[in-house]
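When the chains are written out, they are named A, B, C and D in that same order, and each has its own residue count from 1.
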Amino acid sequence: MSDLAALLDEIAERARRQPERGRVASYIPELAGVDPARFAMSVATADGQVHSTGDADVPFSIQSISKVFALALALGRLGDQLWDRVGREPSGFAFNSILQLEHEKGVPRNPFINAGALVVTDAVLGRHPPREYLGELLRFVRAAAGDDAIHINESVARSELATGHINVALAHYLLAHGNLTNAPELVLGAYFHQCAIEMTTAQLARAGRFLIGAEGMPRLVSPERVRRINALMMTCGHYDASGDFAFRTGLPGKSGVGGGILVIAPGRAAIAVWSPGLTDQGNSKLGTEAVERLAKATGWSVFG
Amino acid sequence: MSDLAALLDEIAERARRQPERGRVASYIPELAGVDPARFAMSVATADGQVHSTGDADVPFSIQSISKVFALALALGRLGDQLWDRVGREPSGFAFNSILQLEHEKGVPRNPFINAGALVVTDAVLGRHPPREYLGELLRFVRAAAGDDAIHINESVARSELATGHINVALAHYLLAHGNLTNAPELVLGAYFHQCAIEMTTAQLARAGRFLIGAEGMPRLVSPERVRRINALMMTCGHYDASGDFAFRTGLPGKSGVGGGILVIAPGRAAIAVWSPGLTDQGNSKLGTEAVERLAKATGWSVFG
Amino acid sequence: MSDLAALLDEIAERARRQPERGRVASYIPELAGVDPARFAMSVATADGQVHSTGDADVPFSIQSISKVFALALALGRLGDQLWDRVGREPSGFAFNSILQLEHEKGVPRNPFINAGALVVTDAVLGRHPPREYLGELLRFVRAAAGDDAIHINESVARSELATGHINVALAHYLLAHGNLTNAPELVLGAYFHQCAIEMTTAQLARAGRFLIGAEGMPRLVSPERVRRINALMMTCGHYDASGDFAFRTGLPGKSGVGGGILVIAPGRAAIAVWSPGLTDQGNSKLGTEAVERLAKATGWSVFG
Amino acid sequence: MSDLAALLDEIAERARRQPERGRVASYIPELAGVDPARFAMSVATADGQVHSTGDADVPFSIQSISKVFALALALGRLGDQLWDRVGREPSGFAFNSILQLEHEKGVPRNPFINAGALVVTDAVLGRHPPREYLGELLRFVRAAAGDDAIHINESVARSELATGHINVALAHYLLAHGNLTNAPELVLGAYFHQCAIEMTTAQLARAGRFLIGAEGMPRLVSPERVRRINALMMTCGHYDASGDFAFRTGLPGKSGVGGGILVIAPGRAAIAVWSPGLTDQGNSKLGTEAVERLAKATGWSVFG
């Protein structure tokens, strides 16, 4: 496994030298101010070890990666009923598109586009106050990571609330189609707070271990659900670049606009990478390249 | 492995009793006349064995499953240049949709929707006559299956030529956008003939072994390409039901309107199933359910 | 002109006997409770006379017909600058569609679909409080009709505020694209109040006289603007049934979901009709048929 | 009426000095080679006079303006049955868009977009050979214009046949949806020939007189049909710029990619203008401006 450590350092070194780093998200000051030179990668392997490289002790905003944890919670609470309200298909559109919603009467294509994630958050909220849900979500993530220091950045959440107009539009649109049971403000408040969870790559890789599906890993959801969540990450985890991510890495992953990606190598490892610069589709540019290298060097592709 | 034989028989028995079998494709008489009660399943495992159940010696029209073999050939001939002309993303639309083409200037989303498959066939044709390409494709499929009896059903090809108006429209649309280098008639002729290849599930399972990516299997394309083709089958192999197939089976697969599905369990097996009744998305209804059962019973999901 | 009175009575009589009356809007109780048997028609001719038939003294909710008055006000205040923020093309989509907005970056196709009307209301609001705008709008309508009794139904406005989720979504979507300068709540409040203006057909026909473009009529906007507003009513006044209305009546008109239509016969008359039952496109079914009969009998089509 | 002659000369002079002339259609050599400096305008008034300015004796390719004559013929032959196969709504999309067809099962939105015009040509063809239809169409146009010299440019028709791939795609798409009764090749052949009719503006203005709807004008279709054809020209005659043309000119018109526009001032005049440079929407740039000036100076707007 010292091979893995060396590999990670080599990947980080290569990332450091990359001149083309993508563009850092700029819609809120908390994200816009992040240094594009940051890079970190951590791998939590099925044998219990965690290897890291780069800025692996610097917390970043996990943003849409939180959708994975929220989905796990929602499935635990509602089971397959959830699928009455959200689909399981890649959308073919951007993360925040409202187009498909109009054609398909308010049922979002999958739980990882914004509209779908709002439905998931609404479903898991049920009749409970957002504060309760957020507490439960934090407990889940902390248990998964084995780290009680993980927290929500309130300032990020407030900035999102002030600028997330497309998400507000999506929530009201879902409400209009009867696919929101709580007030939009409640759901949006909960959603923006969940997106504002901060972690280091070391924390995130550990938090992802429950999806490895191996002995000795935290068992927070059933094996069948692990497989299904991984399947959704594979087909829908990178919005309209999901096919490309699967093609290049052969692994299921979920990206966030903060520049993080959580990737699962089933049976082997949970991988977290962070590089703030994004592609046009809103996924971490160097993060994707780093996962591609790692998958190639380790042969961890699920596809043979 | 007698377990596997018993499992297949149990799956076939269950399929036999299913009253809801979907609707058999009816656009050409050769498909419309197929008995909806047919069911067959074959599994070619990495140890060289093939287990079958049901009508595994009855040939059926593989139709869009042929796109997998054509893609393998095209990548062998053109390499990554192919990706200048066709994308790698799930389309979010039906198999024969022309919508995305208009928005994206004639570059189909992926090689498994009809428009993308026409581009692949055009690319692999190059300047060669269709007859030559079809000969090469048959040689490829026969070598993969180890069976020289595999052939093209001319009558099916002719029927398709007479009724495939949407595909004709797609070809001319691609031509209009400069993404077809041969005359539409040539490409369509080659495409309809490739779709008219007939195989039994036993032949198809064997033909799929080159995608298992295991020692001792036929080595027709490089390991990296095996992984990539599997990735595309996972994200795009079932049109706008690809996400659902991945969710339910955890395996990459490619369906055809004749009711067949080729599924790969990387490192383990190639699976072929046939049941002519289709879902609304054009995929075999009982075939999908059979693969779901097999994946569950064997634990072959790639996702943990 | 006693001919016109007789013609109106004949049209009303025919409407009375019509068994197929369309469906009354049901999204708020104030509209859902309206008697579908109601029918009224009034014609204010260029010679200063007003002829009415049916329930011409019963006020109804003019709803989207208010967009005509708001547009006239907005053009008076902003002139052609308004066209930087909203287009002049029929949209090809439903009145409340959000699809086109996504493709065209938040610039609504025309001022008569909901998104466009929200932009118009936002533009005319400027930095003034909604109360001031609504006062001005009422003064405009009252001056046009020569009737100070015209008022806003507060209960309708409040119901719309409570249920108009799609409009809320549209407003936030416009904000996200930088095409709303006031807080969505302010714009929506003003918009829902403007839609809640109530008039009888007699009042509405008189209020429409400023668009006849004839001597002696109220001169509230310039002749050039009269022509342009009429042109927009012709091409965009009935959402995705605008072409059909022009085809059948040959006259520009603007419909409202309350079942009213304001129609202009340039140089000749302003026509108001009310029948609460709607077509699938949200336009008054019998109202349209009545205008068609009137246009045919009088030869008032603008098209020869 | 010497005023009108002077007005036309002033408009032509202004057009001559315009540096921004739009872009000449370049998809076939016969259109690409036309001098962008050409400009002609002719007005046939209801009193029987014709006034012209500029290159009014130079024939140009009327292209989509032919759709007006084909529609008149088709309505004469099929009556309102035609509307079972084609709609009467502006499409909101480009002239050659295939998008709407997929959503609406092969029924084109209106007879003036390409798909709709193909349906009209197919309908009027019936079981007759294209040659017969083209003969009839020419007789109609010649009778309307009172000029037997009007002809079809075979070389233009052949060029269109060789390059009109999008139209070929549209025809096959219509066939796939059961909305084409003849072989696509027949319909396309007839369509491309009809588009290749050549006229001078003087001929075209005279040919348009049957749509003026005044005494003494050629009576080729019923007054009701005159009104309806004018209505369709108003709402759909300029593709996705129809609203703008109505807004600016207040008159119904039909444009062609050859740079011509036929405009009707009901009760007053038929106007033909020609300037080869096009806007992004495919309509004559200076032609539109010229009609706008003429309408303003004469007060011929139908809207007051």
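Definition applied: a residue touches a chain if its C-beta (ideal position, glycine included) is under 8 Å from a C-beta of that chain, and two chains touch if they have at least 3 such contacts.
Source: prediction; values computed, not measured.
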(Q) Starting at subunit B, how many touching-chain steps does it take at least to reach subunit C? (A) 2
(Q) Among all chains, whose Cα centre is located farthest from the one for subunit D? (A) A
Q.
Can you compute the centre-to-centre distance for subunit A and subunit C, using the mean CA position of each chain? Integer Å is fine.
A. 47
Q. If you average the Cα atoms of subunit A and of subunit D to get two centres, how far apart are those centres in Å?
A. 55
Q) Approximately how many whole Å separate the CA-defined centres of subunit A and subunit B? A) 32
**Q.** Multi-chain contact residues (two or more partners), subunit D
**A.** none
Q) So what shape is it, when you link every pair of chains that touch: line, ring, star, complete or other? A) ring
Q: Just spell out which pairs of chains touch, all of them.
A: A-B, A-C, B-D, C-D
Q. Inside the complex, what are the residues of subunit B that reach subunit A?
A. 87-93, 100, 109-110, 211-214, 223, 226-228, 230-232, 234-236, 240-244, 246-247, 250, 252, 264, 266-267, 301-304
Q: Report the residues of subunit D in contact with subunit B in the complex, numbered from low to high.
A: 97-99, 102, 165-166, 168-173, 175-176
